[in-house]
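Next come two complexes built around chain A: one with chain B, the other with chain C.
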Partner chain A sequence: MMRLVAGVLVVAALAGTAAGEEKFRYPPPELGPDYVQPRTSFPAVRETLPAGADIALLVTAILLASYFALKLRSRLGVWCVGAASLAYFGFIRGGCVCPIGSIQNVAAAMDPRVAISMVVVAFFVIPLIATLLFGRTFCAAVCPLGAIQDVVLVHPVRVPAWLTGALGLLPVAYLSLAVVFAVTGAGYIICRYDPFVSLFRLSGSANMLILGSSFLLISLFVGRPYCRFLCPYGVLLGWMSRLSQWRVTITPDECVQCGLCENACPFGAIRKPNADQLPRERGAGRATLIWTLILAPVLVIAGGWLGRQAGPAMARMHATVWLAERIEMEEDGRVKGTTDASDAFRETGRLTEALYADASVYRSRIVFGGTLAGAFVALIAALKLIALSVRRTRTDYEADRGTCLACGRCFDYCPVELRRRKQRGKGGPIP
Partner chain B sequence: MNTRADELLKHRAWRQATLGTAMVAGAFVLFVVAQLAVTWGLNRRSDPNEHPRLAGLRAELAKQPGAEGIKQEIRHLDLSLRTEFFRSDEQLRTGAWLLLAGLVAFAISATLSARAWAKPPMPAKRPAGSNELQRTALAGRCAVGAVALLLAAAALAVPAWTMKSAQQEKAEGVWTRFRGPRGGGISPYDNVPSTFDVRAGLNVRWKKVVPLSGKSSPAVWNDRVFITGASKHMREVYCFDALSGRMLWRRPVSAGPASAKVPENVMEDTSYAAPTAATDGKNVCAVFANGDVVCLDFFGKEIWTRNLGTPDNFYGHASSPIIFRDRVIVQMDQADEEDGKSFIIALDKTDGKTVWKTDRSAGSAWPTPIAITAAGREQIITCANPWAIAYDPGDGREIWRLKCLAGDGGPSPVFAGGFVLAVNAGSPLTAIRPDGRGDVTKTHVAWQYDDGLPDTCSPLAAGGLVWLLTSDGIFTCLDIRSGKKVWETDLDTSFYSSPSLAAGGIYLLSRKGGLIVAAAGREYRKLADGDLGEGCDTSPAFADGRIYIRGKTHLFCIKEQGD
Partner chain C sequence: MDEKEDKLTRRDFVRAGARGACILGVGAVGASMAPRALKSPERMLWQIDPAKCIACGNCATHCVLKPSAVKCVHDFDRCGRCKFCFGYYETSPDAVAHAGVEYQQCPTDAIVREYLGDPYYEYTIDEDKCIACGLCVKGCKRFGNGSLYLQVNHDRCLNCNECAIAAACPSEAFVRIPADAPYPLKDKEHGK
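Then we have the complex of A and B:
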């Protein structure tokens, strides 16, 4: 219960920063004294569905997925909800709005001048709360990005646990970068590089179509590569899931330690029992733990330093910084010709010094953000190393609290579960 | 797994059907992907915005606005390209849908087939043993370390990569002012000819007479070469087509009655058009011996002119203007130091109005200033007897000054290896650390060297070495860190042209028009030579595969034959 309360408080704190009054997202551009700003107009509200329908559908899908995964323990039910979510949130809604991208809106809304829609806030918060309650049932069946990878998984090849854990640093790095870029106004990279949105919309640049197709190709053999090794929202959901009140279990009855469930999980989320560990090895583990704890602050400082080094290059993601550098190169004769952006800037008659000053401010912010991001990624790496030195005793096969996606595949592999179903007169396995 | 559904899945006919469907769907997907790739290539090739032939025709039309034939050809080509582009675009759209359908069919059939052919899972042999757990933990630590190292390498590589990109962009640069973009005489191009012989016609693309004489050097921006010429009463800016040598326009310059006052004591070696024009890719600015400053657009239209007062300079004014951001900066050193006539001025590039003007405690001097960024700030570096002075380009305020010069100064400063290098024949070559404030004479001299000092040619510095070239042909190489001599040789001819570095060779043009290309290394080695066929007192301008040289009467374009 304490975990639940703690989790709700974390989510409430995040949401609190996001909620603000509706304001203009950007100030109107300065186009010279003679230019008359046209009256701002707003597109008509979508009439096919009321604004809150997406939220209602999201909640319904999560509740259904949780009911199928936790109560009915039905893989078929989870799969059907996933297919429906893929159809609606993916192909019908074109992959937007989605909780993954909403991270950036929420992060950007820390600036009180930036407005954020309550629908976006809801899409950010609801899956986190649901995960606190039911585990990652949102990942299992509601996220269209997860669903599209899930439906093409033909022949899963198991990625070793040690590699899966290490590759878990990549989404942390991606999350950190996305937050830095969103907060500093450099852009929303999660949306810009969403590999599946081009497929959902059947349009987009060739590069993005190739990226999405590549992910799907890998998904034929590796279970949900984007979710496990890149998804920044998955990082948050993983943290929430560790605190969840209820979660999927392989069997509610006694585990017979047959290990069949391990074969079932394409995501490597099932942990083996380790109760036979010797006391001598525990001593060695403690020594490793102490060294890792000593190393952790050094790692964090090094990460911060590296982030700072990358900061100036990261800053070029910001349009103002890029424009300032472009103008500078043009004026120094280091590049030939001009760009539309540099021509437009010159047309404004604005002094380059003002542009350089603005760019300098953004650059400083991004360098500072890069420092924090680097330190944060290093901190997570240190925590991973610490976690590898700490062993919780497991007497049975268990689904990992953070990485289990609640897909329910393991149900059908568990002989205890199948016996239980027979006794209760239920049906057999599902696709 | 022992259920009726699985029994059905394991049925032979079902297994073969799912496998066959998956194979057919897979082949279909591959076919559609191949077809899409081909169509995409066609689509890109027919993009009217990117088509090279169309772009070439448009450029041609810009030069000949009335050419009906070109217009017709553009219309015809544009229509056919658009037709092809939208046709292939539609095919791409259809192909995308087909691909999606194929993928869905493949995913479903392949999943079912995989289930049908799957072997039943076997129970694990035993729970995880202690050794296995230890191995996994060790592998996990190594993997976390490896991924962290990869991320660290990426963090370090991103700035390096962007720097490389910037260098690549720089390689596209042009020769914007006297001695190139940084005033250092260094070209990024490695494809320029290493020899030429005008009399024999070797590697000479074109040569054109420059109507009025001058000692100014060419400035280049893409397909335009700018040069100035003047007589006692006339001043002109010329623009030549870089490819053909055709004169695109010539523009007489006059800033009203003030221009009529002619300086009395202009030497022939200096000429009335000694300062090299500067360009920013949109405009070109030039300064003349009578103090006229002009700014023209690329079509020769006058943006503004003004006269800064007739320079009281006993050899004639020679310092070239530089364009720094939105300003044209002119160093006007004249008379004697105690006369207080010298100044440096920043003019607004758009209208010629004074942005700032700073008086200088200097007498007549001929160096061209350079703009550098050092110690975290931008600086305009000037040289004149007796001071090297740095100014803030924002407001013209002095940042630092160092007393190291004496006598008549012709060589311009250069910035390399973290040092500003200032020299002339009457004073040693001085390496200055540009991170001070105020008078830094006693604190910021890194080293000095006092032999083989030039009175006209500017130094060249690159790769940890500095080269000095005296007017009578003493060519010296120094180590930039220590200031020690590495080698020295006598070229046995005279020079006014400053040395330039391109393609690993130092290009030296003698007053007689002879070319010597020396290796830019720690040993003197002559790589090649050439002959311009006429005298030359100017510095060459380098572009992509070409060298532009102003001789006594001609402008030459040097380009590898058959290229």
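Then we have the complex of A and C:
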């Protein structure tokens, strides 16, 4: 009897396999009046704070951080806001959605058919506007990714200025790639390779946990490596910060040029005075400037060409392109066997030609995007070179407008600032 | 000295102009997306379309949560209460012939089999044990009624901006759906 049933089942099963689709093969039996059918489990959606609350908290945190950094000039205050943001935006909310990732949503939503939520728009826009007003106080104490690196920084090592400058191109490249991949639908690489999100959730793939821990280990000695050498949102904030209305100053009083602040800054964001250095000979400086100006378009074209060469490889990030290439190889017999994706595609019964056509559209879009991205990174590199040959006179130690993260560490190291505090504490006139 | 002051004001003037332009630009980006954002549902959730799901097993391994936010659910309206459930047993002839403990598919013993009266059995899922490997789903879909299928459990899902499983899904089965109907896809298929 059992064999017979088995035989019937296997035949039925094979029939099912041939069709390759789900069927209603065995009607549910009548089980009598006493039978109580269990309920299918559909757990309720996790409760979260409403979107408005998150936006309000973001604004509050930025305003508080700005108040502590610019008005009260208190490193402790900035640190406390940072710790609170780390707890809420990091560990409670699980680090998602963050302004860094929102770049991709906003870039993708340039296409009016793509949906976007209000929180994401707000998370993209608010820190940019805030930075135009107060400088990078968002970086100092609101961004959970910045905060987690900041709280573990115990023994900062100075990164040479030339290296910081060169590595400064990485975030620009990352930003351009992320935008290209988001716009073409290839994926959100900023989210995929976010090193800290797995730490915020205390869960994740082994690779991501190792990546996150490595970043934290480096952060013990190198101030905020992600912020300075990778963060794509930091690129935008750096530009905004250069134009900011108000900003953190080391001390509002006259600099005594002791240089202590420069050592205190773990991010290499304090520039030395250069008024007493002799400027280079006028002719030599002008020659450098002219050469870099001539070099700029060459660099941009070369960058575009490189981006174009990288395009086909970049296109493989897109699932459709990847699948089409795989199917093509399988059909040609260049590879043996199938993948889950190629099996799934064949089950849908779609024509391979339609898939190839889709893939070629995506591929050409990504190659075009890669060309633009390459040219853009080269343009920024060229602008950096040009900026090197333009001299700006500084008479005092100053925080760099673009790279100062407004953390406030330098306040406590400035002797003028300490004297100012002391006199204010005694109720004396504020010098 | 006068010259220097002039220079500073000029620089400040350019900076103020650029700042204004940036505020307008960023504001314009926000404003252009705000109407769409206000119209769209406040929350979108990730969910699996069971019609597209091929139960490849990526849900068990790619989710940022361990164990995965995806679980197998059982649609009792569809279940045929089979004696030889290919969600429960391996799909080998030996399994059918012997139907012993050694032929059970579920690696975590998350499917509970209860006798209902010959020849019917009830299969329920112990969600705490389920790791969303999809072995039972595959068996039930190919050889049974497709009453076992994978769904994102919204009490666990963190609703990542980019779902790691969606990025790894070979059959484009991951979709974003409005939060007010979090488990709609199988029901819709059967007109409920």
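Please note the rule applied: the second predicted complex is superposed on the first by the 371 of 431 C-alpha atoms of A that agree within 3 Å, B and C clash if a C-alpha of one lies under 4 Å from a C-alpha of the other, contacts with A are read in each partner's own complex, and residues count from 1 in each chain.
Operating definition for what follows: a residue touches a chain if its C-beta (ideal position, glycine included) is under 8 Å from a C-beta of that chain, and two chains touch if they have at least 3 such contacts.
These figures come from a predicted structure and were not determined experimentally.
Chemist: Which partner does A:Met240 contact after superposing on A: first (chain B), second (chain C), both, neither?
Modeler: second
Chemist: With both complexes overlaid on chain A, does A:Gln257 touch chain B (first), chain C (second), both or neither?
Modeler: In the superposed model, A:Gln257 contacts chain B only, not chain C.
Chemist: Counting only touches as set out at the top, which of chain B and chain C does A:Asn105 meet: first, second, both, neither?
Modeler: A:Asn105 sits against chain C, while chain B stays out of touch.
Chemist: First (chain B), second (chain C), both or neither: which does A:Leu169 touch?
Modeler: first
Chemist: Mind working out whether A:Ala319 is in touch with chain B, chain C, both or neither, as first, second, both or neither?
Modeler: second
Chemist: In the overlay, answer first, second, both or neither for which of chain B and chain C A:Gly185 touches.
Modeler: Once the two structures are laid over each other on A, A:Gly185 reaches no partner at all.
Chemist: Between chain B and chain C, whom does A:Ala378 touch in the aligned arrangement: first, second, both, or neither?
Modeler: first
Chemist: Going by the contact definition given at the top, which residues of chain A touch chain B in one complex and chain C in the other?
Modeler: Dual-contact residues (chain A): 203.
Chemist: Would you mind writing out the residues of chain C in touch with chain A in their complex?
Modeler: 15, 18-19, 22-23, 26-27, 29-30, 33-34, 36-38, 40, 42-45, 51-52, 54, 56, 58, 62, 64-66, 71, 73-84, 86, 91, 93, 96-97, 116-117, 120, 122, 124-125, 127, 141-146, 151, 153-162, 164, 167, 170-172, 176, 179, 182-183
Chemist: In the complex formed with chain B, which residues of chain A make contact?
Modeler: Against chain B, the touching part of chain A is residues 151-155, 160-163, 165-167, 169-170, 173, 199, 202-203, 206, 209, 216, 220, 257-260, 262-264, 272-278, 281, 285, 299, 302-303, 306-307, 309-310, 312-314, 316, 328-338, 351-353, 374, 377-378, 381, 384-385, 388-389, 391, 412-413, 418, 427-429, 431.
Chemist: In their complex, what parts of chain A are in touch with chain C?
Modeler: 2-3, 5-6, 9-10, 12-13, 16-17, 22-29, 31-32, 35, 37-46, 48, 50-51, 94, 96-97, 101-102, 104-106, 109, 112, 115-118, 120-122, 124-125, 128-129, 132, 187-188, 191-192, 197-198, 201, 203-205, 208, 239-240, 242-245, 319, 339-341, 343-345, 347
Chemist: Which part of chain B faces chain A closely enough to touch in the complex?
Modeler: Against chain A, the touching part of chain B is residues 1, 3-6, 40, 93, 96-97, 100, 103, 107, 110-115, 121-125, 127-130, 133-134, 136-137, 139-144, 146-148, 151-152, 154-156, 158-159, 161-162, 166, 169-170, 172-174, 176-177, 181-182, 221-222, 279-282, 323-326, 371, 394.
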